[in-house]
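Structures given as structure tokens follow.
In the two assemblies presented below, subunit A is common to both, partnered first by subunit B and then by subunit C.
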Partner chain A sequence: MQTAWGWLPAIYLFLGGTSVGALLVAAAFEFSGKRYQYNFCPTSLVGATVSGPLIILGALVLIFKLGAGLREPWRIFYMFTHFSSVMTWGVWIITFFITISLVYGFLEVMDTFPAAWDWLRARRWLRKAKFLWNLPIRRTKRLFAGVGLVLAVGVAAEQGSLISAVGPAIPFWSTRVLPFIPVPMMPVLFLVSALSAGLGLTVDLAATLAVGPMEQRVKSLPWIQMALIGVQTLLLGMLLITALVDGGSAAQSALEIIVGTYAVVFWVLIVFPGLLFPFIVYACAAGLGRHSLVSRVGSGVGIVVASLFLRYLILASGIYAAL
Partner chain B sequence: MVFLPWFHDTTIPVNCQTYSVGLDRRADMEYNQCGKFVIYYSILNTSGGPMERSGISRRRFLVLMAAGAAVAAGAPLLKSVLPTATSERPKARYALVIDTGKCTGCGACIEACHLRNGLPEGVSYIYRIVKGNNRKPWFLMVQCQHCANPPCATVCPTNATYRREDGVVLIEERLCVGCRYCMPACPYQARVFDEERGVADKCWLCLPWVLGGGLPACVEACIPGARFFGRADDPDSEVAQLIASGQAKPLRPEFGTEPSILFYVMEEE
Partner chain C sequence: MLPAHWPKWTVIFIALALAVFSILLALVLEPAARALMPQPTPTATLSTLIYAAPQSWECIFCHTSLEALRQTVSDWAELERLWIDPVYVHSTHGRLGCVTCHQGTGGTKDLAVAHQGLVKDPTLHFEGKCLPCHRDLPDEILRTRLRAPHSSVVHGLAQDLTCSDCHGRVGHGFDPVTGKVICSMSACIDCHRIRNLSEDCHVCHIGPHDVAGVIACNVCHVSIERWHRIRLADHPGVELVGGHAPIDCFDCHNWPNFGGLRYVCSDCHQRPHDFGDDNCERCHIPEGWNQWGQ
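Let's look at the complex of A and B:
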């Protein structure tokens, strides 16, 4: 079992993934026009505003794990320098993503609460910044949402590539999408899982608590969520099957997940709360047209918790290739 | 870490002799694992043998100056007459061959490594894997394989891990941020994390000892004499002959890492 990375990197991957997913959902609402269907859109507001703080929190968590993180923090800047490392790409992408998501979150708040924007512009220290007077908030926001969208996909893919780049040392992490397709599975799985966690946080939790059942606002939402759960289940199944077909330590990892040490984590903390329960909730919502607040919030919490444990599981179940 | 830029290409007194030094670009000076300040003073001495003296008296200095002036004056003439000389000294390429037929798995190498590098209790750069069966076990002593294509150096985000020209893979401690990315990336699991210093540590083939003409601790301590260390580029060395015999093989060559440490591995029954 891989023990070099414990809980903190898993928490970083989870916070980063949720941040990315939240921004993706907010940007999707922005570009599809759903954001402007009603006066108040809690999904976009929460998605855009939590994205930056979540990934900053994730990066801070990671700094605690770094050997020199608190001792000699200036060494962190060396991490920008070695471009053969996926971690260096990640540090660059996350730096840009943090900047863009913070500005996007700020503009979303200003767009949702125009009074706050007017108050801010009236401050003496901002009066001289004349470009703010005629700043087209929505167009600027769309620009940042677009750039954020691209960077968000980059962050999620980088998180997956980070572990699949380890190569022959831990074959489970570099499992391909299918045995004959030379594309690593982890970036794809992390992206879909991030999107799922983002939807769980912004729609199931935030929007439900703020304005009630979201499927009355967006009819296709339960179907989108069911499709996403379907894709995630398919990807997890393909990951485990491909690992079993590959044999060796990758197959050992897959067996540890399905029936071994991590079976409880996998079935009880990932499959049930993150895939099965939300699927039933959404199926009821799509079929019957309604479901309770408790089941919706429960599915949101389940998806977010499962997203954390999925990352922990993948990190913990990496078994080194036998020597 | 102290950085003294004027220290490059100068002379330093060592054991009452004055030696010419040309320090390595990066791994020139650092506190070693024992907390002692180490200068890799013999980097110029890539021949691997004991260092040459270059202590210069005043008289010798004047003679050399005169000779230098004569050479400088005659150089254009010589250059037109003589073919272009290739005066580069051969670069050392170190290798370690472990004979698994002789290795008894006694762990003397583990202890010696632990002591020489002043490692914390229970930590060593070498670990033991028992192979074979109960009736006929054999032992694989694994440490950093000093790969020609080190995956730990590729994934290192700060470029702290790097490979020297002589094949030794080192860590520049002042650059290491302690992210531990190299630990799962090393297929030989040769990295250990030093919590005290906050860096991912590993075998450094006792480089200062080797450059000073000595041997790595594990080779010195090996009781059955199963470890052979030397220059792979010197055809007369024992190591080069063992490699040339074709029986010394790298561990899991399919990883594509091209290690400098090779094994005589007995076939499993």
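Let's look at the complex of A and C:
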């Protein structure tokens, strides 16, 4: 067996996915008005602010993976000019996404902490930037959230598409949604997993630590999270079944995941902490209206860790097609 | 919950810390998790080949262009032999690059330097060139019902035989695996004759019919190129004449063992009238349903 890539691309995919998910959740709170229901919305604050740093960190990790790019950094700029390449589309989408997410994060901090805005305004070297002080923060923030939302979907889909594009060599990565539906599974799975990780980070972890059980603020949250886990489980199941039906090295990859070398990673480090445990916690939250803070934070940590393992598993289990 | 005196922005750093913590945790847990499962036996892989696709562009430029080849080759037959259809540059083997299998010197336009150390038939060194990718070669290919002496070749028992003897210009347009370009059986027959090997069908073909033990294949199968070309002159039991002569075996019989027939007309024909009985031959003759016998 020859597996494909190692940890660095998996870490990039994880950081990129979490960044995308966090921004999507923040944008959803922004557009649904939940952001302004209370004075302090930790979900929006964390979602908007961590998105930029996470994707930047991911991009840096990716540069370390580029052997030639690291030795001859000017080559990285060539990646902006090959418009027929999925990679170039990704480089442009990520570039815009980094910019937008940083600005969005900055505006969210300024909106949440008006004192910081006043402090900045008092800086002598910033006084001349009068246009800045006249900006309607919330409307501008909403604009950036909207653009960021579109770009976030683009980043998640591009990450999956990039993996799928390697498909002919590694059939598992280009497995279709269903054997008779010619749509690659990876972009869909990566987007749903990114959303799940974003909710885990911003709601289960950050918001629970900051203000307690979030379902008291947004009643539908546990149901949304359960639905997301359901969709993710369904997609994972379909991925494995389609790969098994396809046969060849795709089926070999699926078997490695289910009962082979990666079985412990799959069942113990993805299914349990990322799907099963959080589902039980959300079911308790939705049905009984209660759960312990530890279990909610634990489910957040579990989902985030599992999303990293999921990306690693997909990369590591990719087996080259027999020529 | 966080202590009340902690600033609200602390959660931002906790979230970032969790992302970094997840990475560190994963790096620790993953080897431990994998250690619990049996590891696969490492097998020879692509990495055992000196992968040189990027160095092959000069070879491809010349060998896919008749104009470029004409500058050094004038004989038309030789030109045809050396020319490679550009389509096959993107085939699975083509994407490996010429130098990976044929060696020589990549990345140069100098004809002499490029062909230095060239291996015309890489399959002569199949242990290092073909087997790293093509492992577990089957001796029986059930999909096409063929027998192939892969084990003998791989284990050196067929010393004068190598991959290209059967697989020919694989990578250059010949693709016996997908069947898009198949090997002519006359090539197999010629080779068997030269080597004084048996030409019996069973040597290479896995017959699907249980009658194969009692009837020689060539009683019915008359072509060595087209399996479906059949001669039914020796059809046992019922003589196939008239309207019965051109029909295919499995229009009447069940595949593969010819069962399912009672050898009466009503096996296939429905009686369109009330009079008479199932013995149609009282009136009809095989030359034509509308022709009546005596």
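Some notes on this structure:
What we mean here is this: the second predicted complex is superposed on the first by the 317 of 323 C-alpha atoms of A that agree within 3 Å, B and C clash if a C-alpha of one lies under 4 Å from a C-alpha of the other, contacts with A are read in each partner's own complex, and residues count from 1 in each chain.
In this section, contacts are C-beta pairs under 8 Å (C-beta built on N, C-alpha and C of every residue); 3 or more make two chains touch, one makes a residue touch a chain.
This is a predicted model, so every value here is computed, not measured.
Partners subunit B and subunit C clash in the overlay (superposition on subunit A). By the touch criterion stated above, A:84 is placed in contact with subunit B alone, subunit C being left untouched.
In the superposition on chain A, A:293 makes contact with subunit C only, while subunit B stays out of contact range.
Once the two complexes are overlaid on the shared chain, A:42 sits against subunit C while remaining clear of subunit B.
Judged by the touch definition given at the top, the superposed model places A:249 against neither subunit B nor subunit C. In the superposed pair of complexes, A:320 makes contact with subunit B and with subunit C alike. Residue contacts after overlaying the shared chain place A:76 against subunit B, while subunit C stays out of touching range. Once the two complexes are overlaid on the shared chain, A:51 sits clear of subunit B and of subunit C alike.
Residue contacts after overlaying the shared chain place A:112 against subunit C, while subunit B stays out of touching range.
Contact with neither subunit B nor subunit C is seen for A:175 once the two complexes are overlaid on the shared chain. Considering which of subunit B and subunit C touches more of subunit A, the answer is C.
Only one segment of subunit C in 2-10, 20-28, 164-172 or 236-244 runs into subunit B in the superposed model, and that segment is 164-172.
Shared interface residues of subunit A (contacting subunit B in one complex, subunit C in the other): 2, 320-321, 323. Interface of subunit B with subunit A (complex): residues 129, 140, 142, 151, 154-160, 174-181, 183-189, 191, 193-195, 197-200, 251-252, 254-256.
Looking at the complex, you find that subunit A touches subunit C at residues 1-2, 7, 11, 14-15, 18, 22, 40, 42, 45-46, 49-50, 53-54, 57, 109, 112-113, 201-202, 205-212, 256, 260-265, 268-269, 293, 300-301, 304-305, 308-309, 312, 320-323.
Partner subunit A is touched in their complex by these residues of subunit C: 1-2, 8-9, 11-12, 14-16, 18-19, 22-23, 25-27, 29-30, 33-34, 36-40, 42-43, 45-47, 92-93, 96, 133-135. Contact residues of subunit A toward subunit B in the complex are 2, 4-5, 65-69, 71-72, 75-76, 78-79, 81-82, 84-88, 91, 162-163, 165-170, 173, 318, 320-321, 323.
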